[in-house]
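I have a structure I would like to understand better, so I am pasting it below and will then ask my questions one at a time.
Per-chain residue numbering starts at 1, and chain names A, B, C, D, E and F are given in the order in which the chains are listed.
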Amino acid sequence: MAPDAQAVIDDIKRTRDVADVNDFWKYLARDPKTLKRTWESIKEVMAPGALDPLVKEMVYLAVSVTNNCTYCIASHSAAARKAGMSDAMFAELVAVIGMANETNRLVTAYRVPVDPAFE
Amino acid sequence: MAPDAQAVIDDIKRTRDVADVNDFWKYLARDPKTLKRTWESIKEVMAPGALDPLVKEMVYLAVSVTNNCTYCIASHSAAARKAGMSDAMFAELVAVIGMANETNRLVTAYRVPVDPAFE
Amino acid sequence: MAPDAQAVIDDIKRTRDVADVNDFWKYLARDPKTLKRTWESIKEVMAPGALDPLVKEMVYLAVSVTNNCTYCIASHSAAARKAGMSDAMFAELVAVIGMANETNRLVTAYRVPVDPAFE
Amino acid sequence: MAPDAQAVIDDIKRTRDVADVNDFWKYLARDPKTLKRTWESIKEVMAPGALDPLVKEMVYLAVSVTNNCTYCIASHSAAARKAGMSDAMFAELVAVIGMANETNRLVTAYRVPVDPAFE
Amino acid sequence: MAPDAQAVIDDIKRTRDVADVNDFWKYLARDPKTLKRTWESIKEVMAPGALDPLVKEMVYLAVSVTNNCTYCIASHSAAARKAGMSDAMFAELVAVIGMANETNRLVTAYRVPVDPAFE
Amino acid sequence: MAPDAQAVIDDIKRTRDVADVNDFWKYLARDPKTLKRTWESIKEVMAPGALDPLVKEMVYLAVSVTNNCTYCIASHSAAARKAGMSDAMFAELVAVIGMANETNRLVTAYRVPVDPAFE
């Protein structure tokens, strides 16, 4: 691995306090610039702030399910579990994702115009 | 409006304690069965439970943005604001949605296999 | 309009027995090769065959709603109506589209493996 | 399996007159409320009405292909076959799905405004 | 294989100067009309013109990644490599695809109206 | 506008040598951190490298059309034109985007397994 890629991988391990990184980062290491940029963005975006890390992981999961990204669903389910997501929380999360995908299409099919109150 | 549709609309007003419902429900009223089924599903799915209503609204928003549903973004932004979403929370939510959409595609493009640890 | 584009437009009018074509075809006329190829494909694919034209229009509508293509929803709703779609048929069509989009995501979120019986 | 989930599974078997249900329902049984709600919705939406069950299954398939849901394509292809879809019907269905996805993007790329006649 | 399907397969082999075609074409051969129409369209659209074949293959790849089509990513990555795509070009291509998917959602979430200068 | 947001806006103007920035950046300025991160990422990703800026803009456009992002199609069409995209190039680009979206779905519908040669 290129030294600049290795430095990023080492920072991921240190920051997350893990012995190894998951395969996503190893594949990205083929392009050290994208690896570095992506990691720095993820570190900034997923840090605790106005939203806590568990909420952020569940939002990540909702997007990944809607985009049908198998790898992302697997990795962010694991991350959300680690951040405290229970079986009951996962079940409710999935129910909301399902309903949102359904009503998004109902709205689109009926061509509902945006209510003036929402503008 | 058909009496069975009107009964659903009245229940929405009562449950949400609002003077009027938004246009989505009025359009759905053209199909009273779908109106009733959708409202009962939404009432069950969006109720407080293991996840609080604000988190559910933000997940709804994440799906709606990913599906590019303008109406849904407008209505669920309003609902999330009402449930307590601040400007700072919205900004972080959008940042997570953006990063998830980016890394979903990076994973897909590099055809990263799911780590055994996630299975 | 280029003569080769005009010839295609004239064939659309003749085939559909209409006085004018909708804007989609006029925009495509900027690229006569794509106009010709698209029209010939549509003519072949949408012709009556093992499926009747109304079913084909409703399938077209289901795809267009799922892809959130406003223009396509408007034009294929009109075409489906012309081919015999009633209000009741439209209502049921939209209900199916909605449920399919919901259960597609439930399946994905729960990472359900394909049953051996379906392989 | 929880008794309330088992009762739903039993109703699916009875309604469809099958010895066992497919894996989708078994995975959903982890969340009995979503299992019950989803099955009741599916039972209502997929029942014969203004559209016959075969048309509904083909629409389900069109959405599932557009959403790229492998499991759903497998299960609804099987259901459509059982409801009478021949090889020739499947071939035409896929051809329509393909063309709809192509022309949806052509419309979007050329930014075609909706014809006044469709409003 | 039906003779009309075989004739198309033979033309693909001849045009591409390959000993065998990939599985996509063999599956399409189940529907000779769609096979023929799709091959003729691909031959026309992917031919060198105002854009060279490598650029066209990279655009094909960008769409396939965004649609999450595993087969298409595999086959068009191979085709792009054959047309001259280097590791560095692939890395930059993927980075652009990722950023486009991210900013598409940022724009949508903030509901940015189109600048008058772009109309 | 917050001073840190203003500094980014000023850098965009300087880098692109324009009198004003488009609305996307002004909306993002509500969240100075995301504005700064997004601009730095775009500046890195869209810079000339193994791929020239015109190819990058056309790839951006292909993703934006597939995601149906109206604003993004408008702004990146303008950027691609500025980078040298002719009418003929745009027409071919759109034709490729259309075909890719069609064949992506054909592959998915027929459940074509990846050829061993592509693994």
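Couple of notes before you dig in:
Methods note: contacts are C-beta pairs under 8 Å (C-beta built on N, C-alpha and C of every residue); 3 or more make two chains touch, one makes a residue touch a chain.
Computed from a predicted model, the values in this text were never measured in an experiment.
For the pair subunit B and subunit D, the CA-based superposition corresponds to a rotation of 180 degrees in steps of 5. Interface equivalence for A-E, evaluated over A-F, C-F or B-D, points to C-F, where over half of the contact pairs coincide by residue number. With centres computed as the average of Cα coordinates, no chain lies farther from subunit F than D. For the pair subunit C and subunit E, the distance between C-alpha centroids works out to 22 Å.
The distance from the centre of subunit C to the centre of subunit D, with each centre set as the mean of the Cα atoms, comes to 18 Å. Centroids built from CA atoms put subunit F at 28 Å from subunit B. Spacing of subunit D relative to subunit F, judged by their CA centroids, is 34 angstrom.
Multi-chain contact residues of subunit E (touching two or more other chains): 30, 33-34, 38, 41, 45, 66-70, 74, 91, 94-95, 97-99, 101-104, 106, 108, 110.
In the complex of the two chains, the subunit C residues touching subunit F come out as 30-31, 33-34, 38, 67-69. By the touch criterion given at the top, residues 33, 37, 41, 44-45 of subunit A touch subunit F in their complex. Contact residues on subunit E toward subunit A in their complex (touch as defined above): 68, 87, 91, 94-95, 98.
Within the complex formed with subunit E, the subunit B residues making contact are 61, 65-66, 68, 70, 73-74, 94, 97-99, 101-106, 108-111.
Subunit B makes touch with subunit A in their complex at residues 22-24, 27-28, 30, 34, 38, 41-42, 45-46, 49-51, 55-56, 58-60, 62-64, 66-67, 69-72, 74-75, 77-78, 86, 88-89, 91-93, 95-104, 106-108, 110, 112-115, 117-119.
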